Every structure is written in structure tokens, then in C-alpha cells.
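Following this line, the structures themselves.
One chain, chain A, appears in both complexes that follow, with chain B as partner in the first and chain C in the second.
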Partner chain A sequence: MDRVVLLVRIAIRNLLASPINLLIGGLILLGTMVFVLLGGMLDSLNQSMQKSVVGSLAGHLQIYSAKSKDELALFGQMGNFPELPAINDFPKIQEALSKVENVKVVVPMGISAAIITSGNIVDGTLEKLRNLYKARDGQPGDPKLEGVPREELALRIASEIAHVRQIIKVLRGDVEKAMADMMNAKSVEPRNIEALQRVEQDAFWADFEKDPYTNLEFLENRIAPIVTDTSLVFLRYVGTDLDKFQKSFDRMRIVKGSPVPQGQRGFLIADLMHEDQMKLKTARRLDKIKDARANGRLIATDDELKRFVKENTHQTRELVLQLDGIKTAALVKTLQDALPSKKDSIDALLSELLATTDENFDQRFTQFYELVVPQVQLYRVKVGDMLTIKAFTKSGYIQNVNVRVYGTFAFTGLEKSPLAGATSLMDLMSFRELFGYLTSDKAEELKEIQRNTGARTVSRENAEDELFGDGAEVIAEATPGIIDPDAALAGTGRKLREEDLIRRVYTQQQLDDGVVLHAAVMLEDPTRMDETIERITQVSNEQGLGIQVVSWQKASGLLGQIINVFRALLFVAVGIIFIAAMLIMYLSVLMATLQRTQMFGTMRAIGAQRGLILSMVLVESLVLGLLFGGLGMLAGAGAISLIATQGIAAPNDVMYFFFSGPRLIPQLSTWPLVVALVIILVVTVGSTLLPALMAMRVSPLRAMQADE
Partner chain B sequence: MRNALLLTLSLTLAAPAFAADLTKEEMHKLLVELDDRQRNGGDYKALAYLEQKEKDKADVVRELMIFRRDSDDKLMLLFTKPKSEEGKGYLRLDKNLWSYDPGTGKWERATERERIGGTNSRRSDFDESRLAEEFEPKFEGEEKLGKFETVKLELKVKDGVDVAYPVVKLWIDKVNHNILKRQEFALSGRLMRTAYYPKWQKLFSESKKADVWFPGEMRFFDEVEKSNSTLVLMKTIDLSKLDQNMFTKAWLESKSR
Partner chain C sequence: MSAIVTIQDVVKEYSLGATVVQALRGVNLTVDKGEFISIAGPSGSGKTTLLNLIGCVDTATRGVVEVAGQNTAKMSERELTNLRLNTIGFIFQSFNLVSVLTVFQNVEFPLLLQNKLSAKDRKERVEGLLEQVGLKTHLKHRPNELSGGQRQRVAIARALVTDPLIVLADEPTANLDSETGQAILDLMKSLNQKKGTTFIFSTHDHRVMRYANAVVRIADGKVTGRESPQDAVAHEMEGLDTRSTEVRAS
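Presenting the complex of A and B:
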């Protein structure tokens, strides 16, 4: 012990004697501090991201078919989504996994994408009018109109007709503007101008009731095409057992509306998507300006906010097209009084209202929501609406389903994250219908049609020889036949069946017993993830479940690899610092050894053992490394504590997902401290060993000769 | 000399078709003839079989009825099989193409590029032929297709006309003036689809007082997804008169009730 103390005292004295040691120590301090600080932050980032991924979609583990050629990537892989083979026997898998220790619950899923198309504003208004006439005439149409009294239907029809006539007035203005512009004049077809002239006449509307359906078709085919702003919404969704999903993913909360009743078909839209893509654009821009101002940004100095204001003042048409004549007149009067303004056109008044500045923004925002919004449709799809979702099935053809929108949802802390807010939720039964899985009955029906037709297969390679080679006869006489559509379609009842499906309540067994594409597995103890993966793989192999299992990190595709990339970058950066420290340390210790050759020789001459010399040089380096490394660790830990008091604010909405909320609160982790200590030991001993061995071998004779 | 005369005479009789290098007028006349042979003038009704084959996927199989009123320029497609597709349909009125799904009760606008029933067929494959009206032809030479001598034309879409493919190449039988092969290109020049018409059938039409020609078999090979192909077979043709109010949304909706 005395010897160690002596060596340490000598080491400290020698270290203080040479200024280069301060440089080496500084490097060790910097490297250790960076490593501890960034290592801790990376760990916190990893934990936050795990919370986001696990809590929003993936669960701790994901299972999918072992036959899949694509890897599961819940957040997409380079813009593509994996093509996953169906898991046909989910109940068996669920039962087997529920017996695996540490498995809490298995949530069936199927991720897919669909399109919601809606025609332009004229198409939408005419569809409403058509449905009102159908309801009046007792024909099936919009289920929401069932049971509405005839008098009320008549009032609604009159209101929609007034709306259509107002739209026609706006279209007349558009056409005149286009005609005045030489560049656009060609885009206006003369037949559309004729059609517009016809529907502007009172006579057209006076006779409208005589044959409303024919007149509606005239409007749909000749007037609606004048408006070209048809919109498409791309929708990513997960078909799942909604009840089980909400219970298992406890960060999920309903924002608008209500959950889908247990066992029923229904749709929940991700709230961010509902706001971003389904809300009136003017209102959404006003919301964004409000948020930005709350965060200290100003319209006067911020280019993006200036652009929002400019777009709002120029794009009043989407508001005007939603108003009928009566609403327009009322809103003109209201805005004239509220602003106040003497302008008399609705376009000009709306532009004035929306010409917001930092001074008037709060007042105008309130006026917009209180005066304008009640007159228009704020969201294209509202809670309670029946949504028609169109998707490509597994077989490649397009399938549509109607699902009722019960509400919107978000994950607590991730409300603003575009990644967490991009996926909506659909009930499992509707998902299966859209997926287009062929049941054995359906497959047999198709085979029967094929058999009855007896078409021959011709390959692409031999097509020309087979079809037009020797012996081919191209011309044939046809025999006329009789085609009766009524006979071919008798007894369909499809519409009724669909309506019934919407109202039906499914049992848990019906929900479980069907095709799924993948499933989330929630664990009791997430720290035992690796051993649970091994156990599930073993159970799958033993029982022939045909599944593969991956961690949340792997299931999230490229997103999950981001942490590994950051971690690799951290090791590279810290590695460079420590290699520099090691080189400088090696050279300085080598120089110091050479300078002290005489001293080592003298020490040997007076009886010092080689081991003492070796220990002396090594302890010097160790003391240097541990002293400055320790200071670096303290500095890193201090920096983490300091940052943790405020947290790091997410610089943009995308980072909400990585931070699992608006701020990242870094925490000190153990592993960077341990790894830093090991690195320090390796660096110091590694860089000193060679000079220390040289010092050890100095002979007393050589030292004295050198002196002479 | 006698042999030479006989040869000239036999060639003249056997090939009323084309001399080399057709003039613009001759090409236009040919397109008008191709369109006219398929036009009925009255009503037209067909029962067709539709089959799409794709790699690693189950075959898409459909039966549908095609209703046309050429005099009014109207088209309707109504799916009858399988049961899950029954009552779905398309309706073209003027330049509007609508698709209808009785499951949702909704009408949606479709474009010229709509894949009919999810197959690689387009609206124009079932509709009245309008080559002369929609395209400008260019002569591309003569080619042998199997045992058939054909003349090859390149057609480019006219300004302001919306078609599924803006550039089309046709191989037309020199003797019988039937289209045997058709290749369709995107604006970029990329080949998108190759079609073969190995069966042409004719039927006497009372309204036209002449034969109406129609392709009894159409085979489409996808040139982007090379393993995909589509087959259309016309099973029955019926030229009897259709309901006056048939080409309406209300009529198609009523078939699913």
C-alpha cells in the first residue's frame, strides 16, 4: 500500500512538472464529457422513441408470416409498404402466444393504405341533392336521411337548390374571368358555356321538379366538370380489434367523437390528419398562425406566416362556394358590421377579414370562427359521417367499403407528430373486406366462371405465333343472343346486406377468427424482450405457427435504425478524440522516458527494480487518465443534469415522435460511464506500455555512459 | 407477258388493300373505315368475360354486360359475376366517366386511365371506336404478323382529346382491314401495353343495314408489369333495342335493389 501511495505521489509530481500533460488531460476530459453527455442523451432518445413506437403502433414485439419476403416496416421503408402474406389461423397463434411467459396481450393488425376521393364542391352538393330526392321518393340512399319527415326534406331540397344556384353564379364569374384571359380562353368549352346559360335561367329551375333526376344528371355531367378541383386524400390505416387496441395502447385517447362501440364496424381518424387534410384550408392556416404566434413568431417578420395570410386573402373561393344566396346576403351584412367595412361583395369582405396582421389577428381569428365557420362545412369528413374507403385488394382489384367515422384520436404527447398522426384505425371486419381475402367459397365461384368460359391461356412469348400463325382464323360469323340484365342480377340484395353489416355487432370469436397480416405483442416486462423473442420463435417452430417475431425497433423499419446510426456516429466521434489523445500520450510519454533515461539508470543503480520503473510510468499515465477522465465524467453528468432541468425543445413537429413529446429530458445512464472508464484504461495503458517497457530496460551503465 | 398480266391482275384483285406509303388522306380514310365497321348506329349489348392474371396473385375473374348507344354516344358497363361484384358498373355520359358501387351506394368520377374492374382493360376497349376522331395517323411501313401481312400506323392523339394512351401503334390486316395488334405508349415514349385481337366477328345489324364488327377476343399484355395479362372474351352479342332511359344513374342503381 505504501508503495502505491508513493508511486501516486511521484506520478502527481511528475505530471505537474510537464505542461503537455495538461493538453493530454484536456483531451481525455473532453472525450469523456462528450461521451457521457451524448451517450446519456442517446439513451434517453432511444427510450423516448421506444415509448413512441411501442405506444403508438408497434407494441413491444411484432409477429408476421414467416413466408414474408418483405421485412415488416410499420412506418414504411423508403416510401414503400411491405407486402405481407396473410396469417390465416390467428386464433391458434393467439392461444399459443398467450401461454408464453411475459406475453401480456396479442393485438391483431393489418396495415394498409387507401384513397378517399371526393368530387369537387359541385359534385358534393349535387350528391346531397340527389340523396334528398331519393329519400323523398322512398329510394335507398343516405341512411342518415331515413325517417326524416317529408316537409323537412322539402325544405332541405330548397336550401340545396339555392346553394347550387349560388355556385352557378360563382362559376359564371370564373368563366368570364377565364374568357377575358387569352391564355385560359381555350380551356372553356363552348358547350359548357351553353349549359351554364341554360341553368342560369329561371325556367330551368321552374321545371326542375318535373324530372329532378334527369336535371341532376345534366348538372353533374355539364356543370360540375367546369370546376376542376377534385381532391384525393391518401389514407394510411391499421385494421385492428379496436377495443383491444385502445386497452393495450394506453397513450391513445379520443379527441373528437367517441370510440367505436365494442364489436361494431367503424373508423377512427388520426386527429392530426383530420386537422391537416380534412379541415377547411383557410381555417387550418389560421390555426397554424395562432400556434406560431403563441410560440413567439410574428406575421410581420415570418415568411411562412406572411404566405399563410396571402393564401387566405386570395383563396376565399372555397368559402364562397359553400354559401347559398341567403347565407351570402346574411354574411355580407354581418361582416360589414363586424369589420366594419363598406364593401358589398362577399369575396372582398372575406379577403378583408382574412388580411390579418399581428395587431388584429386575435380579433379576426375569433370573428372567423364565430361569424363564418357556422355558415360553412369546417371538415370535409365529420364525426358521424359515412366514409367510403377505396383500396386495392390483395388480388389487385379495387374494393370499396363504407364505414362510419366515430371519432378522431391521438396519442398523448404525440399530438403534433406527423409520424404518430399519420395512421388511422379501422375495425377488423372492414379491413378484411378491403383486403379482399379470397375465402374458399369465393375462390370456387371464380374457378366455376373460368371453367364455364374455357378460355385458353396464351403466353406472352408465343402470343403472335399462337394467335396469328399457320391455321389461325381471325374472322368468324357471330350468332346473336339474348342478354337480359334483370335475369342475371335477380336477387342480389347487396345493398341491404351492406347496410346490415354496418349495424351488426360481432362477437370476439368472429373478430379473432379471420385473416390478419401482423400482430402487436405487449410484454409484462419489456426488459426481457430478447428472451421472449427467443421463446416465441421456439414455440412457433415447435407448433408450426409459421410466424416470425421482431422487436419494435426492427418492426419500425428505417426509423428504428436511426438510433443505431446516431450511436455509431457517437462512437466514431469519441473514437477520433481518444485516438488523438492516445497518440499524443504515446509521444509525450516516449519523450519523457527518453529525457529521463539518466534518472531511470540512476534509480536502477541505487537498487530500484525494473518492476518499480514500469509501475512508475504506468501509474503516471493511469493517474492522468483517471483524474481527467473522472473530471470529464463529472462534467458530462453535470451537463446532463443542467439540460434536464429545462429539457430540449423539439425543434419541429417531426421531432415530437423522437422526443416522445414536446421536450426531451435527458437522463444520466450507467453504460456511458462504464464504457468511458474502460476506454480511459485502455487508452492510457495502451499508449504508455511501450515507453514504460523502454524505461524498464534502461541499464545503469548506459545511463552513466550517457552522462559522461 | 401473259404471266406478267395475270400476276398484275391477281395482285390487284387479291389486295384491294394498300399500296406502299399511304397518304394522309388514305390513312384517315382507313381509320374512318375501322371505326365505321364497329359502329352499329343503333343499340348494342354484349356479355363479356374478363380475366386478369398476375404473378403470385389469384386470378381476377369477372362477367360484365356492355351496353352502347352509338347514336347518342353513351356507354354503360354492368358487372354480373361473381356475386361480390354484382351491380357494380361504369357509366359514360359525354366526357364524364362514372363508377358505381352498390355496396357503398356512391358514384365516383373516373378518368380515362381507370382500370376497368381492376384489370388492365380501359373504358375505350369496350366503347365505340373513335380512332379517326381522336388521333392523327402516320405511316410506319408494312410488317408480317404470323401469317398475316399488315400495315403499321402510328397514331398521335389530337390536341384537347383525353385518351388513356397518347401514342398508339396499329398493325392492320392488309386484306381484311382488321386490327390485329395494338401497342400503346405513354407521352414519354414508354411502351405501356400490347394488345392482340385474334378474333373478329361480324353480325348483321338491322339498324345499320350492314355488318357490325367487334373483336371477339382481346388479349392485353402489361409492358410495365411483364407478368400481368388480361383477357376479354365477348360471349354473346345482342343488337336489339335497349330501354330509352337506360343510360342514367337511376337505371344502374335500380339494378342493385
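Presenting the complex of A and C:
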């Protein structure tokens, strides 16, 4: 013991004698601090990311067919979906897995995507007009119009005609703009210009009443195709047991609407998706400006906000397109009073309303939502709408299914995260039906309905090819009845069957008994994940379940690897620091050893064994390493707890997902401490061993020789 | 009196590349317990080599070296180190103190290597010795804060702290002025008388030889005789005379 004290004492004394040790110590301190600090932060990041990934879609583990050639990538690149072979015997798998220790629940899933094309506004308006004429003429059409008095029908017809003429005006404006632009001029077809010119003239409308059905046909055939405002919304969704999903992913909450009633078919849209992609762009921009202003940003100084305002004042088109005659007239008046303004065109008034400044923003925001929004459709798909989702299976066989949108949902803490908010949810039955995974009797029953429903052919198949290229095997396209969902589902028989399907309640057994593509596995104790993975693999092999199991990290695709990449970078950076420390330490210890041969010789002569000399040199480096390493650990731990008091604010929406909320509270983790200790030991011993062996071999004779 | 060092027909050769230098060419020597012996001879005659063999820091090429009754040729490195630690004390020409340790710690060092005494006993022993060498007041000093004479006193204390049977000193006064050198020799002599420790020191200084019980003369790697200090000093003087005559003659 006293000898150790002596060694340490000699070591400290020797260390103090040479200033280069401060440099070495500084490097070790820096390396350790960085390692502990960033290691802890990465760990916390990993944990929060785990919370996000596990809590929003993946679960702790994912299982999928062992036959799959693709890897399951739940957060993979948009549109680039893994092709997963179906798991046919889910009940057996669920049964087997639920017996595995540590498995809490297995949630069946199937991930896919669809495109929603918002319906053509002209189509919708023209259909309304046609129904109104039919009702006036006593022909069967929209049941809602039955019993409406003739005078009101006439009024509504006039309003719709005004709407159509307004649309034509907008289209005319589009064409003129296109013509003015040399590059686009060629793309304007002369026959479109002709058609527009014709319907623009009052003469066309004066004669409209004479033969409304023929004229409507002309509008449908020649004008509607010109409208190109169909923006595609790419919709990722997971077909799943919705009840189980909501119970297992307990951060999930409904934002708008309601959950899909237990056992029923239905669709839940990710709220962020709903807001970002399906909301009126003008409204969305106003929301964003409001948000930004709440965070202290100003329209006057912020370029992005300035751009939003500019877009809002210029792009009133999407609002004007939606307004029929009655609404336009009413809104013109309201806005004239509210602003107040003397302008009389709806375009100009909307522009003025939306020319927001920091001074008038709050007022204008309220005015927009109170005066304009009630006249238009705020969301392209809203709660209660029916979505028609189409799947193109591998064989080219087209299935489509209508699902009702019950609501939107978000995950607590991840409301703003585009990653968590990118995937919507569909009930399992619709999903199976869509991909032809239903049992034969069910399939037969559904075919009957199918025949009556008749897929509304969408002339936009090409769009998918452009989006997905030829790689995608399964594509779903959805056409929501956005203008008037009820009208889109014309046909009483079909409607009844639809209603029947919508109301239908499936038992848990029916839900379980069928095909799934993959499934999330929730664990009791996530820390024993590796162990459980092994166990599940074993069970699958024993019972021939034919599944493979991956951790959330792997299942999340590239995303899950990010932390590993960061960790590798950290190791590289810290590695460089420590290698530098090691080199300098080696040189310094070597120099010191060469300078001290007489001392070593003297000690040997006096009676010190070789081993003592060896440990003396090693202890010197160890003391240096452990002292500064310890200080580094303290500094790192201190830095972490300091940061933890404030937390790190998510710099942008994407980071919400990684931080699992608006802030990351880093925690000190043990492994960086342990690893740092091991690295320090390796560095000190590694750099000192050679000089220490040299010192050990110094002969006691060296004591007798005069120094130098 | 019993022999504590016995050297028989010892040859020590150093090979320098192809050539072989014979530093000792058949040396015979016996040192008895309690002697205060000086090994005298000109530079390069083999004094240091002989002391190294006695001090077990080197081994003979041929012949027998027995220290405290043990034949050093048959001992392992580890055993030789233990023999040095427990039986021999060293005083070096250039003092060889550990510069980062205090006076006290330098003297204590061999005791720590021995690992036999408690801290309290060590303190007592070390302070007692430092008192005897007159450095009681310098316990906390570092070697570089001391004069040459003081450093050599510390070295003496360190050599004696383990109560060795033999203390070896290779030209202990070579780096000191003559006055200080004589004081050191006085100190060594008094310790020899008080404790009965055997002292073997080498020198080519006749003023130093005077202190010895006996002077072993060595020249060209051979012991040429053993004489009383008086005779040795006289010889030394003669030698000087002869040399000066020769210079005059030429």
C-alpha cells in the first residue's frame, strides 16, 4: 500500500515537472468530456427517437414474412415501399407470440400508400347544376333536392351558373397568363381557347336554358378537362386493427372527429397531413404566420412570412373557384363592410383582406376565418367524407374500397413532426379487401357490392406512373367525393350497400383471422429487446411461423440508423483526439524515460525490482489519464446536467420526431463513462508500455556512470 | 574476523565489438566485517569494475565473487536485487538522489522497497539517520535545494537506512571540494565505528586514503598489494616525486 502511495507520489511529482503533461491531460480531458457529453446526448436522442418510433408506428419490434426479399422500412423513402409477402396465418402467429415472455401485444399491420386527387371543381359544380335541372324537370336525381320548391331551385340554378361563369373567368385568366409567358404559350391548345371564348360570351348563357343538358355536356366535355387544379396528395397509411392500435400506441389521440367505432371500417387521417396537404392553402399559410408570430417572428422582417403574405394576396384563385354566384355576391358585400373597402371584385377584396401586416394580422386572421371560411371548403377531405381508395395489385387487378373518414389523429408530443404525421390509418378489413386478401365468401359478398358501386374511373392513372415510375407494384389511388361526397355516391342501391358496409361491426376474431403484412410487437420490458428478438426467432423456427423479427431501429429503415451514424462519427472524432493524446503521450513518456535512465539505474542498484520500475512508469501515465479523464467525465456530466436544466429546443419540425417532443432533455448514461474509462486505460497503457519496458530494462550499472 | 567479501581469481572482460578489454585480470581480495577499506589506483585501473562486482550490479566473467557468504554467480537477477536491497548500501560519485522526492522520501525509499517497517518505524529510522548526518532540519528539502556535501550526506543516510552489512562508495568525494570531502569521510568513518558497517570505497586521492584501515592498491586490473594507509600515502607521495623528477629530466 505504502509502495503504491510512493509510486503515485513519484508519478505526480514527475508529472508536475513536465508541462507537456498539461497538454496530454488537456487532450484526455477534452476527449473524455466530448465523449461523455455527446455520448449521453446521443443516448438520450436514441431514447427519445425510440419513443417516437416505437410510439408512433413501429412498436418495439416488427415482424414480417421471412420470405420477404425487401427489408421492412416503415419510415423509408416516400413511395418506395417494401414489398412484403402476406402473412396468412396471423392468428397462429399471434397465439405463439403472446406466449413468448415479455411480449405484451401484437398489432397486425399492412403498410401502403395511395394518392388522393382532389376532384375537379368544374365536374362537381356541373353535376350539381345537372341535378338541379333534373329536380326542376321532375326527373330522378339527387334525393336531397326532392321537395325543394321551384323558386328556390331557380335561384340555386342561377347561383351555380354564376359559379360556373366565375370558374370560366378564372380559367380565362389562367390561359391569358400562360399565353403571356412565351415558354408556356405553346402548351395552350387553340381548341381550349375557342371553347373558353364561346362559353365566356353572354350569348352562350342566354341560350343555356333552351337546352341545359346539351350545354352541360359541352361544359363537361370541353371545359372541365381544362381545369388543372387537381393536386395530388400522397397518402401513406397503415391498415391495422384500429382499436388495438389506439390502445397499444397510447400517445395517439384524436384531433378532429372521432375514433372509428370498435370493429368498424373507417379511415383516420394523420392530422399534420390533413393540415399540410388537405387544408386550403391560404388558410394554412395564415395558420403558419400566426404560429410564427406567436414565436416572435414578424412579417415585416421575416422573408418566409413575407412570402406567405405575397402568396396569399396573389393566389386567391383557389378561393374564388369555390364560390358560386350567391356566395360571391354575399362575400363581396361582407368584405366591403368589414375591411372596409370600396372595391367591388371578389379577387381584389380577398387580396386586400389577405395583405396582412403585423399591425392588422390578428384582425384579418379572425375576419378570414369568420367571413370567408364558412363560404368555402376548408379541407379537401373532411371528417365524414368517403375516400375511395384504389389498389393496383401485382396482377394489374384493380380493387377499390370506400372508407369513411372518421377523424384525424396525432401523437402527443409529435404533433408537429412530419415523420410521425405522415402515416394515416385504415381499418384492417378495408385493407384486406383492397389487396385481395379476403376469404372467398367475404370476397364474393363484396364483389356483389363492387358490381353495383362501379369504380369511378379516374383519368389520372398516368399521374401515378410519373410519381412512382415502374418500381411500384402496389399503388392505391383515392378519389374523395370532395365537392359533394353524397353526389359522388349516386345510386340508391349502391348507397345502401355502402351504408351496410360502413355500419358493419367485425368481431375481434374476424379481424384477427386474415392476412396481415407485418405486425408491431409491444414489449413489457423494452430493455430486454435483444433477448426477446432471439426468443421470437426461436419460436418461429420451432413452430414454422415463417416470420422474421426486427427491432424498431431496423424497422424504421434509414431513420433508425441515423443514431448509429452519429455514434460512429462521435467515435471517429473522439478517436482522433485520443490518438493524438496517445501519440503525444508516447513521445513524452519516451523522452522522459530516456532522460531518467540514471534514476531508474539508481533505483535498480538500491534494490528496486524490474517490476517496480515498470509499474512506476505505467502508474505515471495512469495517474495522468485517470486524473484528467476523471475531470473530463465530471465536466461532461456537468455539461449534461446543465443542458438538462433547459433542455435543447427542437430547431425545426423534423426534429420534433427525434426529440420526441419540443425539447430534448439529455441524460447522463453509463456506457460513455465505462467506455471512456476503457479508452483511457488503453490509451495510457498503450502509449506507455514500450517506454516502460525500456525503463524496466535499464541496468543498475547505469547508476555508476556519470550522467551524460 | 570473518570475511564478508571474498574475491578469487576474478576476471572481468568487456567486449567492444571484436576486441576484448580485460578490466580485471585475476583479482583476489578478502574484506573482513567492519573494515573501512579503500581501493586505490589510477583512473582506468578497474576500481569501479571491482566495486560493481562486489555490489552485485555486475557479474564476473570468470572467478568467484562471494558477498555475505553467497556466491553471486549462481544467483538470479531477482535474488541479486534482493541482496543489494538488504545487504548493500550504495554511495555514488554523483549522489544519485531522486530529484522529485524530498530528503526524507529519498532516505525512506529503500525501506519502502523492503516493505518491512511500519510508517512510524520508518519515520523514526529515517529521522534518526538524518540527524546523524546532520540534516534533521532539511527533511522537506528537495535535492536541488541542497549543496553537494549535503546531498552526499543524504546519500549516506539512504545507504545506511536499511542497516546493510556493506556500504560501497565509488569515489564518493570526487565531486566535492576537499574540505567537504574530508567531512564526508569523517562521517563515514564515524558511522563505521559506531555501527560496525563494512565500508569499501574507491579513490585516487591520497588525502582520502588516510581514513582507511587498509588500502588495496590496484593497477591495470590487478591487485598489486594491500598496505596501511600511512604506507599508501607515502607511496603516493613518492609516485608524485618520481613523476615530477621524470618531468624535470626530460
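Criterion: the second predicted complex is superposed on the first by the 540 of 708 C-alpha atoms of A that agree within 3 Å, B and C clash if a C-alpha of one lies under 4 Å from a C-alpha of the other, contacts with A are read in each partner's own complex, and residues count from 1 in each chain.
Here is the rule we go by: a residue touches a chain if its C-beta (ideal position, glycine included) is under 8 Å from a C-beta of that chain, and two chains touch if they have at least 3 such contacts.
What you see is a predicted model; the values in this text were computed from it and never measured.
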Chain B versus chain C as contact partner of A:377, first or second or both or neither: neither
Which superposed partner A:595 touches (first chain B, second chain C, both, neither): neither
Partner touching more residues of chain A, whether chain B or chain C: B
First, second, both or neither for A:9, with chain B first and chain C second: second
First (chain B), second (chain C), both or neither touched by A:201: neither
Chain B versus chain C as contact partner of A:402, first or second or both or neither: first
Residues of chain A defined as touching chain B within the complex: 117, 119, 123, 127, 130, 139-142, 213-214, 217, 220-222, 224-225, 230, 388, 390, 392-398, 400-402, 438, 442-443, 445-446, 449-450, 453, 455, 457-458, 460, 463-465, 467-470, 472, 474-478, 480-483, 485-486, 488-489, 492, 494-495, 498
Of all residues in chain B, those that touch chain A in their complex: 45-47, 49, 51-54, 57-61, 63, 65, 78, 80-84, 86-87, 93-96, 101-109, 115, 117-119, 145-148, 173, 176, 178, 180-181, 196, 198-203, 214, 216, 219, 221, 226, 229, 231, 233, 235-240, 248-250, 253, 255-257
Chain C - residues contacting chain A, complex: 48, 51-52, 55, 57-58, 77-78, 81-82, 84-86, 90, 92-94, 96, 98-101, 105, 109-110, 112-115, 119, 158, 162, 170
Of all residues in chain A, those that touch chain C in their complex: 2-3, 6, 9-10, 13-14, 17, 598-599, 602-610, 612, 699-701, 703-704, 706-707
